[in-house]
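Chain naming follows the written order as A, B and C, and within any one chain the residues start at number 1.
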Amino acid sequence: MVEASPKLSVRDLTVRYGDKTALDAVSLDVLTNEILGIIGPANSGKTSFLRALNRMEEFDPNMTVQGDIFFEGQNITAIRNVYALRRKVGVVFPLPVGLPMSVYDNVAFAPRLAGIRKRAELDVIVERCLTRAALWDEVKDRLDALGSLLSGGQQQRLTIARALSQNPELLLLDEFSIAVDPVTTMRIEDVLKELKHEITIVLVTNLVQQARRLADRTAFFLQSELVEIAETEELFTGTVQDQRTRDYVEGRFG
Amino acid sequence: MPADVQTDARSSGIAHDLNTRGRAWYIDRAVSVGVFVGGVSAIVFIVGIFVFVTREGLDFVIGPMDAKEFFTSINWRPTSERNPTYGILALMAGTASVTGLAMLVAVPFSLGAAIYIAEFASGKMRESLKVLVELLAAIPSVVWGFVGMTIMNPLIIEFFDVAVGLSVLNAGVILGLMAAPIMTTIAEDALKAVPDSYREAAEAMGATRWQVVFKVVLPAAKSGLMASVLLGVGRGFGETMAVLMASGHAINLPTSPFDSVRALTATIAAELGDTARGSDHYGVLFTLGIFLFVVTFIINLTADIVVKGVGRK
Amino acid sequence: MSMFARTPLDQHNRRIEWLVKTLFLMMTVLLIIPVALIMSILIYRGAPALSLEFLTQVPTNGMTAGGIMTALVGTIWIVTVALIASVPIGVAAAVYLSEYAPDNWLTRAINLAIINLAGVPSIVHALFGLGAFVVFFGFGRSILAASLTLAVMTLPVVIVSTRESLQAVPHAFREACWNMGATRWQTIWRVVLPNSISGILTGVILEVSRTAGETAPIMFTGAAAFLPFLPQGVLDQTMAMSLHLYVVATQVPNVPEALPFGVALVLISMVLVMNAMSIAFRVYLRNKRKW
């Protein structure tokens, strides 16, 4: 089911904000075409992990990253074109951001950056991505509405559609369902399960059950450290697990 | 690269993508260099001002200038054939008296207006007052000078029964009216910068609005208010046309507000046109320029430090 | 802290409250009334001079008769050339400071330079323009020299207002674009500028009004007291409204009384109309919510 070759190899990844360590020497692999779930209590460093994968330390002078990240064997700090990296990595963060342009332009933004100009081609991409993000039915009649004035949940799904429009090899989702109702969440989850045949997904979630439903393997972060990473079923039911993981998945803290 | 990370043929396409800088990359780099030049130009210009003004004034400074006479003599006779003297004391007194009076007019009114706009006025009233203040700040200084000559002048003669109405009083009031809108705007910004939580905390303890303003808001905004006054001083000090036209432009150590005076800035404006490049007179006017530059630089720097002091606390 | 007594707001306090409020209101009004008076006097005494001929004719009879056409056109020349010089530099500087500049000593130095550039007296700018553009660069007394002087002088206006408009665009939009692989410039061009262009324009209009009213910086760099003809290019001298007001008010004998008032009225109307436009534009923008 899961190919053995890693899409992404992370070695001794440490993330700091000023003096504060948000992630401490984490090493793990993300395998091609798997969904890797990451769970852990608040402030355990999950979001910081995702930010480092897209080299977002460049947006925040306060953030420093140490260690190595290999994307398909390429050390991402050594590559010559970080923009190409970010185009191959789609990200969705918990705060939804609809850009102040039409819904259509929001979704066509990345394809246009990639040089796609033909309206017909863009139309196809926009419809496909919005459909996958479970937003198409709601906005298909007002594609020229401002993306930044949609409701919070709609903007969240617009953000997902934008990430998909990049045609990414790696999709990083950070609590994507935080502002989305349960039924719509299920629809998106189904899409993710299909998508994983084409791409690799890292799913950070506060909902332990979501990780259990979707993830092939799951990693547990606690206080800036990776406690353990295992096949999801093992992590949730197996015997070979850390006491702290068991406490967390069984809801004893967090 | 760790041993367990393998590169295979499949990823070589990706390696190519991640290491190829396309057009967008180079455009971004070119733009970043271009806008950097734009940013640095501000430094180039401020240095350029100093360099070019000094360049024209240098011959005078290292040549005939007598620093003691320059700062302590009240005799400004640059055009005298036999014995030209270049004392700027009277000019400094002129600038100081006019600026001083202007601040007397402007400080209370602009602070009062700022407090009203920031703390008492509400909604539409507040917006309209801000717009009005902004419009006042836009009136050109030559128009103010004209007002001083044609409207204030007869008023002062009539009202105080004096012979000339072009005086410290006239220029000071005009300058005060000119500086007040800008000071109001800056002071209002300073008051608005005081967090609402301060006001709410004081109000929760039962303080009335004016108690809040005097005991909490004003002390908290102190540095910003001081900066607004300093910038007003800088503005008055550097103002040219209005002072030239309204002060009477006579060399004088003023003893009353009804005396005519002459300001440093106005002297340059009035005399530069009649001088030949390279002459001592031309040189001394540029030397005045250096002096004005240095003093305003210090005033602005001080205001900046005063404001930054707030941020650090 | 006994000031903040726990007693309820009593009659006495309420009266003081009212007094204080009224006092501050009076001060605000006293700031505005003289200006309102001045404006009415300018209009009352300047209006008789105004006519279509006043705007379209050349000054005659040693500037004691005729119109102000040459000064009006000259001011338009000076303002236009100054804008062409300052807007690109100012916008570039603002884009650098808002979008690219790291927080280091150089950025602090640039900010300090901008503050000081705004604080340098206009007459010192005039000396600079004379020493640099007229003499050193050899433009002579010309529209070019005068406009460049004004461009340097009003640069801080453009930089500060542009930077404010750029920074009014929330940071989250930029991060969203960067995360899709957009370069800084692509982000600026496709998201930041389209959403701040109107704010930038507001600042430019403000700069125009500043530029049109300045006198001292152009006196020795390119504006002439009297010229019977229009400039043919940027290396010509020209008349200008602001200097014309100074000249007819102070240098020319036997000017009919209404004439300088008419000049002042036209000048101030130009400036205030542009300012009002800029303000109206801003209010309109504020009401047009995009996020």
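Going forward, a residue touches a chain if its C-beta (ideal position, glycine included) is under 8 Å from a C-beta of that chain, and two chains touch if they have at least 3 such contacts.
For clarity, every value in this text was computed on a predicted model and none was experimentally measured.
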item: Graph class of chain-chain contacts, one of line, ring, star, complete, other; value: complete
item: Chain whose Cα centroid lies at the greatest distance from that of subunit B; value: A
item: Distance from the mean Cα position of subunit C to that of subunit B, given in whole angstrom; value: 14
item: Euclidean distance of C-alpha centroids - subunit A vs subunit C, Å; value: 49
item: Distance from the mean Cα position of subunit B to that of subunit A, given in whole angstrom; value: 52
item: Residues of subunit C touching at least two other chains; value: 183, 186
item: Touching two or more other chains - residue numbers and ranges from subunit A; value: 83-85, 88, 113
item: Contacts with two or more other chains, residues of subunit B listed in rising order; value: 24-25
item: Residues on subunit C engaged by subunit A in the complex (per definition of touch); value: 102-103, 169, 172-183, 186, 190-191, 194-195, 289-291
item: Parts of subunit B lying in touch with subunit A, wherever the complex brings them together; value: 1-2, 4-8, 10-11, 14-15, 17-22, 24-25
item: Subunit A residues touching subunit B - in the complex, by the definition given at the top; value: 5-6, 9, 11, 29, 68, 70-76, 79-81, 83-85, 88, 113, 169
item: Subunit B-touching residues of subunit C, taken from the complex the two chains share; value: 1, 3-9, 13-14, 16-17, 20-21, 23-28, 30-32, 34-35, 38, 41-42, 88-93, 95-97, 99-101, 106-107, 109-110, 112-128, 130-132, 135-136, 152, 155-156, 159, 183-186, 188, 209-210, 212-216, 219-220, 242-243, 245-246, 249-250, 260-261, 264, 267-268, 271-272, 275-276, 279
item: Residues of subunit B touching subunit C in the complex; value: 24-25, 27-28, 31-32, 34-43, 45-46, 48-49, 52-53, 55-56, 108-110, 112-113, 115-117, 120-121, 129, 131-136, 138-143, 145-147, 149-151, 177, 180-181, 184, 202, 205-211, 213, 215, 231, 234, 237-241, 245, 265, 268-269, 272-273, 277, 285-286, 289, 292-293, 296-297, 299-301, 304
